[in-house]
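Pasting the structures here.
Each of the next two complexes has chain A plus one other chain: chain B in the first, chain C in the second.
Right, the complex of A and B next:
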């Protein structure tokens, strides 16, 4: 019998709301992105000073991953397969603005989208495969195919995959934990359904 | 503690995003790196920028930082000796 992969758990962060497996975990009306992210940080009882030095994209990735990894057991070989539309544009713009006076090294280190994967790997001691794709919209076919191939070829025992976008302080986060155990079959259709409708 | 010490501590907290930390939490003789404040290599670069931006001091030899950034006391001493603004 062919091995099946499942969407074991998922997190969404959108419009001042944090959802875990479809249930509302947190919401507030804070208009400022950084203040909203700090509220979520406090809500999750995080104690990770490095968080405050990160760019918005990394903060979003850390918060979503925190929910997934504290709710589930995970291997250090867990793969991270993320995608978005805006790459690291937000950090790029902030860094560019800083160059008009004194270029900020702390901003410069976030001028690549895959830095968030490194931050998550450091926080959770992950040593597995990772990839960050940039596409116009959430390409469920690409993410499903790539993640399934990694799992099928036993490059990773499980994976966190999805969409992590930030542009002009507007954010859209949808990360899923893919495992050999779960209730929702890992398929393009189910991924799309969870992203758009759940 | 001089005004410069307090000013430096405020700048370090603000520049390095040391959230939840107050001026009084930083001892003037406390190591900034390693076991002290636990700053990292990117923070060291930010401190070099801080010296130039706020005090007009341009470090020509980056290895100087290792000796200057040992504590707030040492930073203040170096600034007093070399500041151009």
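Right, the complex of A and C next:
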């Protein structure tokens, strides 16, 4: 398929490090996930009390999108196309554990993977298309095809797409801003290269 | 305008294990909802016994090798394949919609391997069972998932990589989800009453469904998806928007893009979960979109809320509504209990239809609108 969209910007959060467009933005040796996320929150000078009530998946999504959206202009029609392996399994286990004593509605609401898309939409006032896919590993073909189709059909002027996985406190975040302007052509190969090697 | 044609389908639900059994009950306004007790809590729910599933499954494969949800989905997909023996299993993709997949394994794995809890593994299990060669895709986007899977399939057709696809959807009635909705105080103790004055919450249900879709027009009278849009409320992760913003936006977007005005929409299959806030949110959105006189139905009184399966089952029923020129009743609806005038269907009726609108909304602030069209030969 002919493709004239570009990967304008990208963020990775992996192994206690936050990368922005390939360069290291922040590193912290904190072993506890929540403490690490709190450090990133402070580093980004965020003041968003709701953040502290979120589950880990939503926190990761908010932090990564904060970097993308403060570095780039964006429309409220920006589409969000995320994917992962573990769905909301981390939140599922936490809610399941809570049912032993008192089933927590505050935990239950996070037992869907697309809640992070809602949290990001609220924070940045995005009213566009959303889709959450689940696959055993990052399906760059599906994400490229679907994002390209949305942009080509003018369902969205730009999109944030990628991978956002969390399980057993192990996280892997790779989100890209796809736009009609940029240097890196948006293709399956380039998406894969950035995800695995950059 | 590109079309996604809706071809053969199957619905596995408490009403029956074929689409025709389901349609028969839907026409008669028969509900699959029964009294149901879990952890000492009384509600009503749509439940399918393992015994009934295994009786149907036994002819296909060994029941103990597959989870309940897998068996339900396999039974649905098998029927679609049986009706289409010429389908090339090497090239056809499988798109699965589910919110919680094999969630019942979370507290009781039984003899299944740990990885069976992953939605990707569930889809791969189905794919391997039928010998499909393409990577399966899973859509998990709360309660709009089943309809969103159709939208996504239509949009992916633009790549030209496939002409036909099987879209399937399923979710279980699990203690996990029952406990969760109960913690929200969203479960009704009675049969749910969509759009009614004394509605007091949802009934949950389980079901699976599958449908063959194609980008090529069939030679017989058909129904196609001609427009689709989704939008986020950007308002609250679990509370419906007071202005119905995302749903209104989804509807106006497809009305604009398809050029089908409210006067031409013959039937609207709403989400209608029967919670106070959801039904009111939909009402506000429908009123803003000037859909007040369109016959509107909710299937939740028949199936309960089947989560990731609901919007696909309701799309399939919308297809039959168009093909058979019929409107289905909103079971348990009595006295209107929403803030704007709406034309809620109270009984089965015959009506010539050209276009049907399907809408859905879900947690995370997601909303979806689909426009279906009847195509004559």
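Simple rule for what comes next: the second predicted complex is superposed on the first by the 195 of 198 C-alpha atoms of A that agree within 3 Å, B and C clash if a C-alpha of one lies under 4 Å from a C-alpha of the other, contacts with A are read in each partner's own complex, and residues count from 1 in each chain.
Quick note on the criterion: a contact is a pair of C-beta atoms (placed from the backbone, for glycine too) under 8 Å apart; a residue touches a chain by one contact, two chains touch by 3 or more.
As the structure is a computational prediction, the values presented were derived from the model and not from experiment.
Student: So if we stack both complexes on chain A, do chain B and chain C clash, or do they fit?
Tutor: Partners fit side by side after overlay.
Student: Quick check on the superposed pair: does A:135 touch chain B, chain C, both, or neither? Answer first, second, both or neither.
Tutor: second
Student: Using the superposition on chain A described above, determine whether A:49 touches chain B (first), chain C (second), both, or neither.
Tutor: A:49 contacts chain B only, not chain C.
Student: Rounded to the nearest 10 degrees, how wide is the angle at the Cα centre of chain A between the Cα centres of chain B and chain C?
Tutor: 80
Student: Which partner chains sit in contact with A:113 here, chain B, chain C, both or neither? Use first/second/both/neither.
Tutor: In the superposed model, A:113 contacts chain C only, not chain B.
Student: Thinking of the overlay built on chain A, is A:86 touched by chain B (first), by chain C (second), by both, or by neither?
Tutor: second
Student: Classify the contacts of A:149 with the two partner chains as first (chain B alone), second (chain C alone), both, or neither.
Tutor: Touch partner of A:149: chain C, not chain B.
Student: One more residue to check, A:105. First (chain B), second (chain C), both or neither?
Tutor: both
Student: Now for A:162: first (chain B), second (chain C), both, or neither, which partner does it touch?
Tutor: Neither: A:162 stays clear of chain B and chain C.
Student: Comparing chain B against chain C, which has contacts with more of the residues in chain A?
Tutor: Partner with more touched residues of chain A: C.
Student: After the superposition, pull out the minimum Cα separation from chain B to chain C in whole angstrom, please.
Tutor: Result, nearest C-alpha distance in the overlay: 7 Å.
Student: Can you list the residues of chain A that touch chain B in one structure and chain C in the other?
Tutor: In the superposed arrangement, which is not itself an observed complex, chain A uses residues 103-105, 109 for both chain B and chain C.
Student: Can you list the residues on chain B that touch chain A in the complex?
Tutor: For this pair, the touching residues of chain B are 16-20, 38, 42-43, 45-46, 49, 52-53.
Student: Spell out the part of chain A that touches chain C in their complex, as residue ranges.
Tutor: So the residues of chain A in touch with chain C come to 1, 76, 80, 85-87, 89, 92-93, 95-96, 99, 103-105, 108-109, 111-119, 121-122, 125-136, 139, 141-142, 145-146, 148-150, 152-153, 155.
Student: Could you list, by residue number, the parts of chain A that touch chain B in their complex?
Tutor: 38, 49, 52-53, 101-106, 109
Student: Where on chain C is chain A touching in the complex?
Tutor: Result: residues 99-101, 103, 106-107, 117-121, 124, 135, 137-142, 148, 152, 155-156, 158-161, 176, 179-184, 229-238, 245-246, 249, 362-366 of chain C touch chain A.
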